[in-house]
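Quick one: structure below, then a few questions.
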Amino acid sequence: MAQTQSASRADEALERVKSALKETISEPKVNFGTVDLICEPGDLVGVMTALRDSEGIECKFFGFLSAVDRSELGEGGGGLEVLIVVYSPVHFFSVAVHVPVAAAAPACPSVSGVYSGALWHERETHEMFGIVFEGHPQLSNLYLPEDFEGHPGLRSFKLPGRAVKDWPGAKDPEEAAAGGR
Amino acid sequence: MAKVGSPSEERAGARGRVPSRHPEEGAAGAEGRFKTEEMILNVGPQHPATHGVFRLLATIDGEVLIDADPVIGYMHRGYEKLVEQRDYRQITNLVSRMDWLSGINNELPLALAVEKLMEIEVPPRAQYLRVILCEMNRILNHLMFFASFGAELGAITPTFYAFREREDIQRVMEATTGGRMHFGFFRPGGIKEDVPEGFVEGALAGVRQVIDRLPDYENLLVGNEIFKQRTIDIGILEEEAAYSYGVSGPIARGSGITMDVRKDEPYLVYDQFDFDVQSAPNGDCFDRFWVLIREVGESARIVEQAIEGLPPGPIMGKVPRVIQAPEGEVYVRCENPLGELGMYLVSDGDRRPYRLKIRTPSYSNVSALSYVLKNTYVSDMIAILGSFFFVLGDIDR
Amino acid sequence: MFDITLATWQILVIKIIVILTVVPVGALVGGYAEHKVMAHLQHRLGPMYPGGFHGWATTLADGIKFLYKEDIIPAAADRKVFSLAPAAIMVPIIMTYLVIPIDRALIVEDLDVGIFYLLAVGSLSTIGLLMAGWSSANKYALIGALRSAAQLIAYELPIVLAAVVVAMLAGSLSLIDIVETQNWPFAIWPPGIGFIAFLLFTVGAVAEMTRVPFDMPVAESEIITGPFTEYSGMRYIFAHMFAEMGHMVAFGGIGATLFLGGYQPIVPIPFLDFIPGVIWFSAKTMFMIFLFLWIRPTFPRVREDQLQKFAWKFLIPVGLALVLVTGAWVLYV
């Protein structure tokens, strides 16, 4: 089956990624066919360049760059992280790079020098999560007006409707029909 | 321009671009030429060539585009935030509205992501029907862009031809799902309901008609001398740049890339069908359009095969009453008609996704526009914009 | 030609009135023909409802609709020039009708320099386009106006050269003389020369009318409607739709006169003489208009620089060579 085939491809790729990047990454694993790894902001540009250029990896295709705010995920929560996914059109596997950044004054080096596609993705992440991408040529807002306050992507940014009223779907549909909502 | 250019300028000329005329670069050779002044032209947000509210901030010098900066966000609806407030059933209908020309393709990665996390086995009949519907939707989408690209270059006839064929397939889709654009038909675990009577015949008739008439379409535009002059060697996107910008779909495949998620990492049952990844080497407008037209035929082939092999059986897997994805993260990539649609789902075990990052194809594709548009003619700008086949809702989400 | 007496003066007035009705009626019929011909070339019916029978009143309804629209003049526009531009576009087009012989007697004024007048007046509307484009205070309008000026200059020349060929063959500049000398239409006689001149004229005419494939000045997917972007209501109708249709009918008439034998029967067979010249002329004009309409749904648009190259590097050299060949033909054959 296709799924198992891509899983074994990812396993092989994981070994190559490990040997190419060595100490700069931590917790490399395969998650649903995607190579998953964590990398410190300081090493990011080097890691991305290595992912793009190393033989046997060649993740030339830029997938996306975004962020995940883990502050409400699980017990105790986590921090803010930048998430970059690139894909290897030569060896057919994806790599997801997680970059934890400080919650207060989050900053991360820009990878737009490695992947031109990151230019827009970093602008979007900047306005949505307030992460500053150092070295980005023009970090202006892409979607929001320039005078917009707050960062809508963060969990702490509540939609006004939800601030007034809880999510109606939290109840079971049947309970809701019986008189909830 | 009679002066000897630098190697890079000569190359620029060879690629159908105008040699740079930026003041600081051209100052040495500027004597004896007219002094020209740059003008900033706002293309959009309301402009016939932008298919919606899209703005291109163009700096032009005579007929030459010196710089082009796409401005987006006029249709930003904040889907990534909205989906955090909705459960998975509701999200299906939300994401269907991202790329309004290929609604059913948008619903697929979400369903796949949830199924992966919940480890739901989808019955083969549902998988086959998903493939059929997705590919029919792809034909609809591609025919639409076939029509609009012609119209942008001043050829109005393709529009009417394409819409005639679209209508036959559109009717089958409508009879099946009840919608013409926003289908809301894929559920985690399967599809909403089984197809109605006459679906098989209607779908077969629709795609066979498309296969029959495709050569006509190709000749109508691709065989036209004026069309060739307008598109060949215009708006070149090199392979490396396409990868670097994350350009995917027919646009990337027009640059010599043979990347297609359906072939490379087959999802659903795409590995059971015989189809080719169409690709063209030059990366110009003509090649992008050619790939688009060829893909219609490939999609029609897939639909034919899938209908022949359509197994009987249930259309819904074993799904709990309330869909609650367990804790975990998954990234799913699907081949949308316009490129790679990826969804990165982070779940905390709730009915709602904790975070759903949607990587839409048009967003990444359009970000390469400023690179491609630099130093081209204003009249080529329209051809290039048209050949990037974007949907505004897909860019802005 | 005429001794100026009161009677001829009256005849002149009647003729002018006839011409002034022919122009709008021609434009209406042309507009309807455009709807229908294009629709049928594209596997569809086109307008079917206005007027009952096959939507015959469509253009009329269109005109009435535009009559009721608000006449908007942009705040930044140069008001006087902006309001005058439609007239400056329209009047020269109407003036071309003055010398086209609809029948042997039905011509407002048979000038000795008929062709010369026709060509001179025909290019005057460029000024109107420039006025419209400049005064609109809109960049798209300006680009469109500059494009149309460049285009009209480039494509006036092939038309002039084609007309010169005809004048040489006929040995006269008077349009009546030209028609009378055409026993066989020039388009099919003498071998080759007339036909090439006819093609030159048709291509040039399509470009002059700024129709597809030479519609860069009004390319709607690029510069909205070029010089007419800011116009609305009746002014838009006069500046654009009416002018285009009027232009088309005028060029149809000119083409019929110069190349297809005008009001004469298509072949010199005596028993065809019972059909009045008006019918012959109308039929030939309609044929020309159909040619123009046929081109539109067939081709994409040519790019601005390709359009200029095509005129200067291909059409004009061909025209010049054709004039030489015609000279040789007239002198030695």
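For clarity, chains are labelled A, B and C in written order, and residue numbers in each chain start from 1.
Here, a residue touches a chain if its C-beta (ideal position, glycine included) is under 8 Å from a C-beta of that chain, and two chains touch if they have at least 3 such contacts.
Treat the numbers as computed from the prediction; the structure is a model and nothing was measured.
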Category of the chain touch graph - line, ring, star, complete, other: line
Inter-chain pair with the most contacting C-beta pairs: A-B
Centroid distance [mean C-alpha coordinates] between chain C and chain A, Å: 62
Chain A-chain B separation of Cα centroids, rounded to whole Å: 23
For chain B paired with chain C, centre-to-centre distance based on mean C-alpha positions, whole Å: 43
Residues of chain B touching at least two other chains: none
Interfacial residue positions of chain B with respect to chain A in the complex: 72-73, 76, 78, 80-82, 85-87, 90, 116, 240-241, 243-248, 257, 259, 264-267, 270-271, 322, 327-331, 333, 340, 342, 344, 346, 348, 351-352, 354-355, 357, 359, 363-364, 367-368, 371, 396
For the chain A and chain B complex, residues of the former touching the latter: 2, 6, 31-34, 36, 60-64, 66, 68-70, 72-74, 83, 85, 87, 89, 92, 94, 96, 115-117, 119-121, 128, 141-144, 152-153, 157, 159, 162, 167, 169, 172
Chain C - residues contacting chain B, complex: 38, 41-44, 139-140, 143, 212-213, 215-216, 219-222, 224, 296-306
Touching residues (chain side chain B, partner chain C) in the complex: 39, 41, 47-49, 63, 150-157, 160-161, 164, 221, 224, 226-227, 229-230, 377-382, 386
